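Okay, so here's the structure we're looking at.
Chain IDs A, B, C and D follow the sequence of writing; residue 1 opens each chain.
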Amino acid sequence: MSDFLHMGGYAIYVWASYLLGLLVVAVNLWQPWRAEREVWRQLTRRRKHEERMRESETS
Amino acid sequence: MWAWLHRQGSPKRFYNWSGTLARWAGWGSLLLGVAGLYYALFASPPDYQQGESVRIMYVHVPAAWLSMFIYMNIAAASLVSLVWRIKVADMFAAASAPIGAWFTFLALATGSLWGKPMWGTWWIWDARLTSELILLFLYLGYIGLLAAIEERETAARAAAVLALVGVVNIPIIHYSVEWWSTLHQGATVTKFDKPSIDWTMLRPLLLMAFSATLFYVAVALRLARTELLRRERESQWVRELIDGRQGGGRR
Amino acid sequence: MSTVAEGLSAEALACRRAERTLFRDVSFMLRSGEVLQIEGPNGCGKTTLLRTLCGLTRPAAGCVRWAGEDIRDNYAAYATELVYVGHHAGIKEELTPLENLVFAAALGGTNGRVTPEQALQRIGLPFECEDIPCRKLSAGQRRRVALARLLLSSSRLWILDEPFTALDVSGRGLVESLLREHAARGGMAVVTSHHAVDLAGSTVQQLYLG
Amino acid sequence: MNTPSLAHAWFALLRRDVMLALRQRGQLANPLLFFVLVVALFPLGMNPDPALLRNIAPGVIWVGALLAAMLALESMFRSDFDDGALEQMLLTPYPLPLLVLAKVAAHWLVTGLPLLLVAPLLALLLNLEGEAMVILLASLALGTPLLSLIGAIGVALTVGLRRGGVLLSLLVLPLYVPVLIFAAGAVGNAQAGMAVTGQLAFLGALLALAVALAPLATAAALRISLD
């Protein structure tokens, strides 16, 4: 196991590479998630606003 | 055929099929990625010259591949959006750009991490890394232009022109950098690619590359869908979508 | 559509800016000898409409036709028939009025009736102004230089964005008479203006935006 | 109907732009002074050993030319955009790419050509002599029009933006890389007594390609920017 972690003396470089790869993947997962949440929040707010306007018109 | 494609490019249709495709691509990417990581870290031998550091290659090469592949995708989508006026295409192009920039960055960083033990310095003006660096600038320029123009559709069309100019220039840049590095470097440093590569190393490489490609497809589609919703928020189908979602209570 | 579509027509034009619809369903038909006056409050898209008619801005929906043909199909033919004078009319500050007009004629064509000097005279620019750079002229004088292009050109369609801005009473009267003459010759014009325009004797259509 | 011929309009546009530039000589001189200053700063920033200077001369002069050309780019369409002359250019019956070519040609005459004229002086400052100097001029003669042509695309894309300057350099400089490499490479080879025809031929080919394609892209970009 420690041999595996040691990576023949290249541990820092190898693990840093994989960590960076993971980081990039994480950022690219987080980004669309955040954008999606933001857009849905906006859209529902707009829709509610519209409905309120319609209600106030009819009443 | 064209009529069919054009129909699939209509906002509502695109929204429907892209969701499914993104989900499948996402799961596929995860599956291939896990398998790829297993072979990359456990079930492949160290290189006889580079030792264990060869494992960096399984991150670097897919990232470098994706950086090129995504730029080509942006250019192709830009062409489609300029010629056939399919709005969805420019949203896909715009969504691809940040992903491409991130993977270009990853390719550069891992190239540097591989270079330190191999060459003894963090950075060397090797043809491949230099090309990658210029590619990063092309991406940043594209993203910068897209962000600078306020009118969304104008921005998309301007960026599309830039992407096409860029894609014509990439081979020229690549060739010039290649020529320049052979002129100044003399003895060639060991490169990643060798004429023949063993199956045990090729297997994780291919798995990781496919996984990365699917990952890109999934993320780009999701970003494009989000942008689509934002732009089409006044249309009837988006309204219905919101109502359905609120009624369904998914969140 | 009418059978003989001589002239300019717009079909269900719509324009969006900043994700907001500026106008939609704008349709009209302008025939030979007619003037179209576009009115509306600030920010209602008058300038955008004019630019759309020129083919500078792409409409979000609908199309502009010249002689029954979409202007995008044969733009060069349309361009020879068109003069557009916008807020900024391409008058170079560093050039003299005469140089500006000579250049405009070189790019936009002339009708052969009027020389640049005559055009400047007719538009009421003092003779001594002809040889000084435009940046030293007043706003009204610069406006006159821009409008002098109308006299040179042989185009049948004039598209003028606020042509009366910065002009004094005599200038306004002059532009009105230019428009009348143009219409009498069988020309067409699209004009935006805040002022009431006196074009007695010509057919004037009006279009309200917003 | 009396529409002037394309050639007449083309030369009228070229003549007007050159005339305008000559009336604002201050603006004309700025990039030139910048070029001279940048190159003159290098010996101050390092050991002014003649051999070293000779070594870095091709790169330094070419990077200087690149930055000076970059600086001059913005003026290509800026004033035309502000005063509506660009709109008028789009409303003519002539093919826009050809009119763009006239503007680029005029821009090169007033910004690129002067760089070519002061380059020998700078070459002397950096101990670049003999054949290398000739090749330097040849590379500038082929390379600076390329800079103008490629740059025009970037300017056309950013002309509608209020603060397009930094973005412009980000868009354009990566595209300048091949020009820099081959041009500076040719001069370097000439110094070392090696063949230069390959690089110069490549620059020539790039120039031909850019003359054919860049005006098309610039015209498309202008239409988009003015939309």
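As a convention for this text, a residue touches a chain if its C-beta (ideal position, glycine included) is under 8 Å from a C-beta of that chain, and two chains touch if they have at least 3 such contacts.
Computed from a predicted structure; not experimentally measured.
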Quick one: which chain's Cα centre is the longest way from chain D's?
A
Can you name the chain whose C-alpha mean lies closest to the mean of all the C-alpha atoms?
D
If you average the Cα atoms of chain A and of chain D to get two centres, how far apart are those centres in Å?
43
Could you give the separation in Å between the centres of chain B and chain D, each centre being the mean of its C-alpha atoms?
33
Counting only Cα atoms for the centres, state how far chain A is from chain B in Å.
17
Chain centre separation in whole Å, for chain C relative to chain A (CA means):
52
Touching two or more other chains, which residues of chain B qualify?
151
Multi-partner residues in chain C (2 or more other chains touched) are none
Give me the residues of chain D that touch two or more other chains.
227
So which chains actually touch one another? I want all the pairs, not just one.
A-B, B-C, B-D, C-D
Within the complex, chain B is touched by chain D residues 153, 157-158, 160-161, 164, 167, 170-171, 173-175, 177-178, 181-182, 185, 202, 206, 213, 217, 220-221, 224-225, 227
Per the contact definition, I'd like the list of chain C residues that touch chain D in the complex.
54-58, 75-77, 79-80, 82, 84, 86-95, 99, 103-112, 133, 154
Contact footprint of chain B on chain C as seen in their complex
17-19
Spell out the part of chain B that touches chain C in their complex, as residue ranges.
150-152, 231
Taking the complex as given, what residues does chain A use to touch chain B?
4, 7-10, 13-14, 16-18, 20-21, 24-25, 27-29, 31-32, 35-36, 39-40, 42-44, 46-47
